[in-house]
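Structures are listed in the sections that come next.
In the two complexes below, chain A is the common chain; its partner is chain B in one and chain C in the other.
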Partner chain A sequence: MSAVARLARVRELALAGFIALLVIVIAAQNGDFLSGSNLRSILLDITLIAALASAQLMVMLTRNFDLSIGSTVGLSAVTVGMICQQHGALPTPLAYLVAVAVGLVVGLVNGFAIARLRIPSIIFTLGMLSVVRGAVYLVADGGQVNSEDVPAGMTDLATGGPFGIPPLVLIALAVALAAFAFLRWTRSGRNVYAVGSNPDAARLHGLPVSRTVVLVFALSGAVAGLAGALYLSRFGFAQITAGSGLELTVIAAVVVGGASIFGGSGSIAGTLLGCLLLGVIGNGFAVLGVSQYWQDAAYGALILLAVIADARLRAVRRPARSAAAPKEATA
Partner chain B sequence: MKRREAPRTPERREEEKDHVPEIEGRDGAAVPVLEARAVSKVFGGTVALDHVDLSLRAGEIHALLGENGAGKSTLTRILCGVHRPDTGELRVDGAVVDFHTPAAAQEHDIAILHQEPSLFGDLEVAENVFVGRQPKHGRPPRIDRRAMRAEAAALLAELGAELDPAARVADLSLAEAQLVEMAGALSRRARVLIVDEPTAALTPGEVGDLFRVLRGLRDRGVAILFIGHRLEEIFALADRITVLRDGRFVDSRAAADHDEASLIRAMVGRDVAALHVRTRVEPGEPLLQVRGLARAGVFEAVDLDLRSGEIVGLAGLVGAGRTEVARAVFGIDRRDAGTVELAGERLRTPQQAMRAGLAFVPEDRQREGVAVELPIAANVALPILGRVAFHGWLRPGRERALAREWGERLRLKARDVEQAPRELSGGNQQKVVLAKWLATRPRVLILDEPTRGVDVGAKVEIHRLIDELAAAGMAILLISSDLPEVLALSDRVLVMREGRVTAALHHAEATPERVMQAATAEAQAVAA
Partner chain C sequence: MSSRAARRFAFSHEAFTVVLLVVAVVVVTQLSPYFLDAQNFSQIATDSLEIGLIALAMTPLIVVREIDLSVGSTLGLAAVVFGELASHDVPLLAAVLATVATGALAGLLNGLLVTRFGLSSIVVTLGTMALFRGLANAIVGDQTITTLPDSFTASDTRYAIGTLVTIPHVLFALAALAAALLLHRSTVGRRIFFAGSSPDVATHSGVRVDRLKVGLFVASGTLAAIAALFMTSRLQSVRADTGSGLELLVLTVVLLGGADIRGGRGTIFGTLVALALVGVVRSGMALGDLPDQARVAVVGGLLLLSICAGVAIEALRRRAAERRTTRRIRGGAELRPTPTT
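Up next is the complex of A and B:
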């Protein structure tokens, strides 16, 4: 294993160690932190983030960003909720399927626009963030999804489960595992890394650059759609603002998890640890009665720390090829 | 023109006399593996390739030679599917093919080793070798990392390289990265390997290793196209040599039929007399004085004197350090040692340089020369806003008058001075850049590739202008890869090679051969 690979691995270990330390410190202050119900609440809190971050990682590996996911979560949650409100409760699997389909449409629009029209993803998805949020208002038509509209089958997913782990959490875990297998064991998954590491070389090697970009945005959209259903299951209602701001937390989790914002490097393991760290901080600060503002400040400090670490790691490499600096965020 | 003999045996010289150029190659009957026939390519209005032929045979190392801009890179890109020819055809094993993408060329077993390795720094060595073609196993099929690493290690061993297949490519040296690319070519069972100036950044030891590998591949029947500049390397390696000049095919013959002098002649032999000839004036007072200028790893020990009314040409190949010297003289780039004085005044920053009367017209006008979206008038007024403005307020009328005055002197073809340079031709854009710097009324002008990419008409006008400026007493440093241009305009020519001045020639003694020799061959560094 090379020095940098070792460093990267150490970085994930360092993250895990930091989380463990944080848990010990918080538990020493307040024993309730380690209670079963509180741990379950942490898991539930990071469920949405973990699923979304697994997909966002793939997007970011290709040197792109998907800022539209928060709005897509809202669109999918409100769409499913309004269908149930007007036509009666959908069977849970069908509700989830509809949610995924809604997200997939948004993801495909993003993917084709960014790959074919060569629009920088950060700008295009910023536009889509507003457009999709507008669609949420249209779908909601002045109303909102109330708790009685959400099928009981959906909200049941947030409780019970084997070893007290709610099915919701298992769904998010399955998404993360699928992303892990895809990125590690398939050629398309390896192409995701290659395209982000050096887009010009990817083209010269005849890799399907555009198709890869479309694929990661489609996956990101589909997972955001799924996350909309998870949202309904978790909270049992959805306002038109559902999911807003999620994209920033998700990108923070991916970056804290060690993925490079310049593409080409990052892992699912690191991303999940990033989610866990944000979850532990959020919950721990609440348990300790620390102000919400300190939590935001801590998130911000973590992001800065992660980005500085990434920049330093890149600087260690020889200039010959690390000069593959970010040219454009497009494919 | 006297032929200069390279260190060759008397027998070989004997052969040369009555040797018929052997276009058919060593085994005349064999069908070329890869062939380009009458290939042409035009970019914008510039003809990059004009009916060029090239044929590569199995088991030969074929060198492709030419000056900067002769069309080597364009031809290379066509052969590996990056560009498509406008006319002409490519043949593989005698059958016509159409490479619309790099992938299509790869399917025909053509691999390219880029000048700058085109690899994935974040991925490990084995994955770079097999990217897009990783071996799979199991059910459902998934990438077999262990097999991939074992195969990569075997390929690297074939190349005589000891590299950890699990190492990240970003951690490798340039030479190691080239071996990884070559292993990729091997793994595709490439029958044609195109090597684009691979030695530019290698140490002599690494070059030796690379050549050993290339000869090994040739002996196994791979056709190798080697693009290079250094003549000693070409003679050490090549079986056959094809020379391009100005986008045209010059000749193709066995390396044994060439010596250094005949190659240089083939590369530069243009009608130099057809170009604008200068009205020479007696140089006046010394203006610019550069002493011992150096920047670590880029150039060293550069001395330079420019007198009023004098044009000094700075010749050399791309990457020899000419532009870098100019930037350091102007003060844009850091200097590690040395001094720059203009009429006795020490210059350190671009601001000081401009105040003292130094102007620098950069090479890349699109990026550094003009603001393509701003009106011509604003561009011209940019370096002298202080003189155009009244207590900090711009006076558009004066801007326009200034731009009009210079536009007329330079015969700028534009609708009016409100037009944006984006809409102008390359030659007219260059005139806007010139107008902008001439409006500062400099005493010393540095021109970096002033006629690159401009049409012939504009080129003649720019030459005339340079001549007029010198006649009026301006001192001019002319950096150009266009050798006839340098020779026709300069009073003295400095030649750079790998960051050093390797020759300082008076215009009477500056022949294309001598300049090319100093630019390419190992030569003694001389004082300017």
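Up next is the complex of A and C:
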């Protein structure tokens, strides 16, 4: 166990080193990269991704995927925006609460279908991706959320803040910290790892396997709902396509952050580093004048590299454990 | 049909899909007077071609426990390659061959990543989905290519029989027949089902499962590229987002057709029935002037329905089998294996 943990920590260090190298290379080409305003824009860019990825990590730890988060972000953003448009501005905390509630509903539907009916999560959430997007269309009713509909209290969260760090970033950071504490110190959090590394053993051990799966999907939905409110705060408007395609970026961040797609292994620290790497690459492209059109290709290549690295590490780890002992004995 | 075969069909997913198809046809006929029309059916066939073509490869892929989420992006990349070549006066045949080769290479990349590194195809093809779409974006950006040779864009209107059956229709029918024969009447097909229902046993019995899978991924990429040609000739233009979201439709068709996402089960017949069902539903939505977003939602709903139906049908089948066993025991028959006649 400790050997695996050590290896995981080394991977995070390697990732951090890679990011540092990338930052040095980009900064050497263009000094503006390290300016305060550019760093703040990187932070703002990865805010949504970081919150979503912290929740997606929990889902992926249990060997599942949640592809519906992009649509859920859109649904919660448009729902909150439409309520404000028709009934006047909501107080900011209430707006955030409504957003979380919307997401939670979607998450619970996902969780129950996947855990109780035993439907493969990737397929079910792929279906939900389009059903929820259809719901966005219904809620928007042909319109969209314009900048004058979004309460000033919400958009203010994207500016100012202590040390020039906008409150929006702090909210995302709080989500990540909460996820970290949950995974590390609570019984349910440990169950998430147990269920993911060996579902059969977890069941035989008496752990609530399907309740854990429902829980992670509910959390993923709730965070996606919250991210919808963050979206409104950040951009100040929402079209019916809001948040589409986010799921891919988020999964890329989690996988690049070292979480195994076979469940049971991955950390919040790694996931945040993964988000940072994607943010630095996306921003670096803009700073270096590389066409933004290459961004998708780069993310795709990163996902592939990360899963190949994961598979290689497993291949190295497994024979090393079983073959080491006899070799030592003969020597 | 023997009573046993009839019973097996009655409890099959395919039967459920046939019922859904009948219901859909009745409902859409009631809703629109323009639906029951030979010209409309011809249009439905044309609109369903690309999805159907890719579904022919996706069905055996699902049977063998793999999946290809990159088909929409592969189609986009192939279409962009074709558009770039054809609009720069490359001979049509060479452009077509290069397009098909692009698709085959994309499939080969997927297949090799999955088999050589032992990776899950869901994640690999999720990665290549972004990669191929990104490459398509990088090649054409936000341009729309419309300067395609007339001889190519007009081919869609070349009729094979009368004014209803086009050449692409005939090509698709032939492809479907070939796929059905290959999957259900050949040794390769038996190996696909073998590898899908018990991969380890198949491997130990000398089936080269990896090679089979690579072949199926290449087929998937190639058919996506051919679908790109059909689509380009139909739409007469190419953009970087050509074919995006198509994977959802293809998966819906294949799963609705009764293929089991856990592998080992699926038929070309079921896929074709589901293709007709999705075609009828989409036609109904088009006649009803439903906007794009709503149509996507309905297709997603169909996908969810098909998976839930799969779970329910499985449960029903198990219960029916149990009931038969109990009845046999209660009926005084001795407890011995039923003679296989």
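We adopt the following convention: the second predicted complex is superposed on the first by the 312 of 331 C-alpha atoms of A that agree within 3 Å, B and C clash if a C-alpha of one lies under 4 Å from a C-alpha of the other, contacts with A are read in each partner's own complex, and residues count from 1 in each chain.
The rule is simple: a residue touches a chain if its C-beta (ideal position, glycine included) is under 8 Å from a C-beta of that chain, and two chains touch if they have at least 3 such contacts.
This structure is a prediction, so every number in the text was calculated from the model and none was measured.
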Chain C versus chain B, contacts on chain A by residue: C
Which of chain B and chain C A:S265 touches, first, second, both or neither: first
Chain B versus chain C as contact partner of A:I19, first or second or both or neither: neither
Chain B versus chain C as contact partner of A:L173, first or second or both or neither: neither
Chain B versus chain C as contact partner of A:A27, first or second or both or neither: neither
Contacts of A:I240 with chain B and chain C, given as first, second, both or neither: second
Residues on chain A lying within both footprints (that of chain B and that of chain C): none
Parts of chain B lying in touch with chain A, wherever the complex brings them together: 80, 82, 101-104, 106, 112, 114, 116-124, 127, 131-134, 136, 142-143, 164, 166-174, 177, 201
Chain C residues within the chain A interface of the complex: 113, 117-120, 122-124, 126-135, 137-138, 141, 240, 248, 251-252, 255, 261-262, 291, 293-294, 296-301, 303-304, 307-308, 311
Residue ranges of chain A in contact with chain B within the complex: 1-5, 181, 184-187, 190-191, 193-194, 196-198, 200-207, 260, 264-265, 317-318, 320-322, 324
Touch list for chain A against partner chain C, complex: 65, 113, 117-120, 122-124, 126-131, 133-138, 240, 248, 251-252, 255, 261-262, 291, 293-301, 303-304, 307-308, 311-312, 315
